[in-house]
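Worksheet for the structure shown next.
Residue numbering begins at 1 within each chain, and the chains themselves are lettered A, B, C and D in the order written.
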Amino acid sequence: MTPETLISALYVFALAAFLGYQVISRVPPLLHTPLMSATNAISGISLVGSIVTAGADYNIVSTILGFTAVFCSTTNVVGGFVITDRMLRMFKRKPTALGEEGNKLKG
Amino acid sequence: MTPETLISALYVFALAAFLGYQVISRVPPLLHTPLMSATNAISGISLVGSIVTAGADYNIVSTILGFTAVFCSTTNVVGGFVITDRMLRMFKRKPTALGEEGNKLKG
Amino acid sequence: MRTYFIEISYLLASILFILGLKGLSHPESAKRGMHLAEFGMLMAIIGTLMHYEIVTYVWIITGLVLGSLVGLAMGLWVPMTAMPQRTALSHAFGAFAAALVGISEFYRAGGHLETITMGALGFEVMLGALTTTGSLLAFAKLQGLVRGTPLTYRGQNVFNMALLATTIGIFVYLIFVPGSMPLFFAMVGLAFVFGLLLVMPIGAADMPVVMSLLNSYAGLASAATGFVLKNNVLIIAGTLDGFSGFILSILMCRAMNRSMTNVLFGAFGSAASSAESGGQHGVMREVSLDDIAVQLAYANKVIFVPGYGMATAQAQHAVRELANALEKRGVTVKYGIHPVAGRMPGHMNVLLAEANVPYSALYELEQINPEFPTTDVAVVIGANDVVNPDARDNPGSPIAGMPILEVDRAKSVVVLKRGQGKGFSGLENPLFFKDVTGMLYGDAKDTLTKLVGAVQHA
Amino acid sequence: MRTYFIEISYLLASILFILGLKGLSHPESAKRGMHLAEFGMLMAIIGTLMHYEIVTYVWIITGLVLGSLVGLAMGLWVPMTAMPQRTALSHAFGAFAAALVGISEFYRAGGHLETITMGALGFEVMLGALTTTGSLLAFAKLQGLVRGTPLTYRGQNVFNMALLATTIGIFVYLIFVPGSMPLFFAMVGLAFVFGLLLVMPIGAADMPVVMSLLNSYAGLASAATGFVLKNNVLIIAGTLDGFSGFILSILMCRAMNRSMTNVLFGAFGSAASSAESGGQHGVMREVSLDDIAVQLAYANKVIFVPGYGMATAQAQHAVRELANALEKRGVTVKYGIHPVAGRMPGHMNVLLAEANVPYSALYELEQINPEFPTTDVAVVIGANDVVNPDARDNPGSPIAGMPILEVDRAKSVVVLKRGQGKGFSGLENPLFFKDVTGMLYGDAKDTLTKLVGAVQHA
């Protein structure tokens, strides 16, 4: 890894850190649980690394490790996104037939 | 410029853009004028480019251009920061002797 | 050309992830945001599949398919009440993946990596390993597979620190004297063990905080992977993940008015705090279901304050039905949601949303507290610590200073709980002894269902 | 090693710039933020001075010294009221520097650059050039060196577009067929000209919007320089700068309830709008200074609404004195600040801060509007458009929908202005004809100073 690559990686890291702070701190408590599962799904991005390891056929060990990694990450990605969607679909402002009154409260 | 450098430059650009949006949109109207002069000063960063051009003695033309650039950018940097400081020093929450009443108003 | 395509797909993915999380700043934009993030993930995967090093797709496909199936199963069938466990488990998976990639990279290079790469790889593997076991233990505790109470012994912290030191020592050595497989695997092993030791002394109730921390470790592990593989999308996604976890844990600590160190090494909810209990004395006034029903039926304004008990009782739907019954009678019903009610951030919000309570009826601490004095009945549904007046009135209390929902300011309070059970903090709750307070014992769900009937006939 | 040092210094600089701007989110943290940014700039400069390509420091030092002197002079002696001009001028400088660096890079390479670099360089030079001349013209207009009124002629936009097209055409050609010096300089020349043409049709009053746009161009130019020199700190600083300008211009347009295109090509404040005037009719009630003095002295609550007139009259100190005199008498004094009062964002805030009015006494539109009905006297000090009821009541008005300060809801209104002069929009203002409104003619500063005396003896 050349100094250049390291430095530019550091830039990306620093900027992402700031951005992460800014973006996440704007998520309201209402959505903290969905946030958790969403970041969970996104962290499945380690797939990117796993896939290559699993497919490059460096050696049997790497392949096995890679395969396992692919499996784990995929579970996260799919599971995470599915659950997040499920949750978000539950959040409604306009109350459904069940409870017209719901946001008359808000007045 | 290799694809890699271009790409990583694009990453930095994209992240900086998001960050710029997030950070700037949080600056209250109260501080919009200081903001203008501050970004002004910061934009003087083109110094970084100018200095090398002025000092590398590539050829007489570049040197002259570089020198002019250094001059212009420095004016911005110094002028910008000095004015910003001047302005910010003027903003007071606690009113000075002159007007105790100032923020009794706020209640 | 191909590199370009891959790189661009990664860049797009990163941008889409950021947009996705930005979307979560409001429930309206959240769904669309997630779709963007999902699309981003797809791009990243497709891009990766183009990678020139890939020679066989067998294992990749198998992994993707199996993973998707398991993921789908988890995603569809895990009940909302089991969210904490689910999250813990998936942190373990994510971190494990990161660790494995790191290990294989090391193995492949026969352990001969340049300093910088080795540094990043070390972080990746260690963080990955300890997060894996740590999260698994957290999962077990939350799922009740092992006793949730903190497991402590003398000199525990010292021992853990020593272990950590050794692990890091090996790591540093490997950076400067690369190549030793055994040492590397020793390091990995120790990291795995350390994860367990880290979580052992922490009670089930503190798990959410720890989990968020583990979450941020998992994130940082992926970021480190990014450094190893020189892959920006990994760095970005990892960092975002890391920050989200970190910020959430901070918020929780703040809302519980406790320091991170206290959470991590305080072994809260064990010896220390149980001593606290029994300080308070007086009589708890038990009230009859029918009285309450009448009281509610003829009230003008009622505020529901749900807590962990509602979650364990799965009473959210019953709550909603009671609310409907009351609203039918023209009673104004609001919900007061404490930031750390339940056992994970936003726990109550999700459950009530599931019972399709509109989120416009859910009010945060600051919004609802001023309303209690004008409230006829405050119904405390399986909440305890978050309504404990000691936090406000008694500076000596271990939870002193933790912001609470001031139900005791309401004209009258009804507390639904099963018995004398304590809250997560293990503290006595003076609220239960106040004159305004009436206790309605029994499982929240049953009680509420009965109340619905009673209200309708009141 | 040296490269490392340089790179790290740049990384730190970038971080410090971001922290600096974050600081501006609150007046308390702003000063510290700026110091961080200043330190960052220092780091960046020192880092650059280490650059291995540098052989002679003569020109660098001279440039730095001269620049600092001029900058210092500007910074210390430019009056707050001349801020807009100052800003315009410095945009010109910044953009010019960027353009020059680009030109020298091109010249050095004898015009033979690879595609990507050429692409970036083209942007850098074109944006730089047009911003330079554009800002200079803006400066001239604001400073009153040239007539501020929009200069328009038939087919203007068509002509400009054609010119722009040619410039871009050359640019694209150069990307694919590099090497032609003459063409390159033709492109640069055209860009310089285009800058002038861009600003010519825009009235002095619309300058702030245009300036913010030029600001963002200047920023993007530096960002492009960053791409050319493969320098991240340039990219980051440039992008931040670019966004700041862009966001501010959007905010202004919104607060004026006009579209960007309308500002850029509408030639506002010329033909079109002057036609509007004279629609309104009625009598303006002139009032005597002493009556007003008494009215103010015995009021409970007074709201000052400053506008561009206060700036031109430099009346901020007089305003502050009047406020003091009133507060001494127990009158509550608040200031209502419209987002686009004056001629640049935050214009009024800076002026009043200069007259050391605590910012806790300055209220934004949303905060203050509800208070007018309970206000005894609203004093309009050289404001016009921002208090024009037509924007609210008359859908036909060109400024219809622009949010205003609703002084006409106050029990009585006093308007300080010199005469029948119109505001920047050139529109008649029905407020002046209302019964509640009294006109107090004369230069704001004189009038106010007289009022202070009168109030003290009332």
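FYI, a contact is a pair of C-beta atoms (placed from the backbone, for glycine too) under 8 Å apart; a residue touches a chain by one contact, two chains touch by 3 or more.
Computed from a predicted structure; not experimentally measured.
Novice: Name the chain whose C-alpha centroid is farthest from the C-alpha centroid of chain A.
Specialist: If we average the C-alpha coordinates per chain, D ends up farthest from chain A.
Novice: By the contact definition above, name the pair with the higher C-beta contact count: A-D or A-C.
Specialist: Taking the two pairs in turn, the one with more contacts turns out to be A-C.
Novice: Determine the centre-to-centre distance between chain B and chain C, using the mean Cα coordinates as centres, and give it in whole Å.
Specialist: Roughly 41 Å, centre to centre.
Novice: What is the distance, in whole Å, between the centres of chain B and chain D, each centre taken as the mean of its C-alpha atoms?
Specialist: So the centre of chain B lies 15 Å away from the centre of chain D.
Novice: Where does chain C touch two or more other chains at once, residue-wise?
Specialist: 18, 232, 236, in rising order.
Novice: Using the touch rule from the top of the page, what residues of chain B touch 2 or more other chains?
Specialist: Residues 8, 11-12, 15-16, 18-19, 23.
Novice: May I ask you to sort the chain touch graph into line, ring, star, complete or other?
Specialist: Shape of the chain contacts: other, as it matches none of the listed patterns.
Novice: Among the chains present, which pairs are found to touch?
Specialist: Every pair of chains meeting the touch criterion: A-B, A-C, A-D, B-C, B-D.
Novice: For chain B, which residues count as touching chain C in their complex?
Specialist: 3-4, 7-8, 10-11, 14-15, 18
Novice: Using the touch definition from the top, list the residues of chain B that touch chain A in their complex.
Specialist: For chain B paired with chain A, touching residues are 8, 11-12, 15-16, 18-19, 22-23.
Novice: Could you pull out which chain D residues touch chain A in their complex?
Specialist: Residue list for chain D touching chain A: 3-4, 7-8, 11, 14-15, 18, 232, 236.
Novice: Could you pull out which chain B residues touch chain D in their complex?
Specialist: 1, 5-6, 9, 12-13, 16-17, 19-21, 23-59, 61-63, 65-96, 98-99, 101-103, 105-106
Novice: Could you please specify the touching residues of chain D with respect to chain B in the complex?
Specialist: 10, 13, 17-18, 20-22, 24-28, 30-31, 34, 37-38, 41, 44-45, 47-49, 51, 53-57, 59-60, 62-64, 66-68, 70-72, 74-76, 78, 80, 83, 86-87, 90-91, 93-94, 96-98, 100-101, 103-105, 107-108, 114, 116-117, 212, 215, 218-219, 221-223, 225-227, 229-245, 247-248, 251, 320, 323-324, 327, 332-334, 337, 339, 344-347, 349-350, 353-354, 356-362, 364
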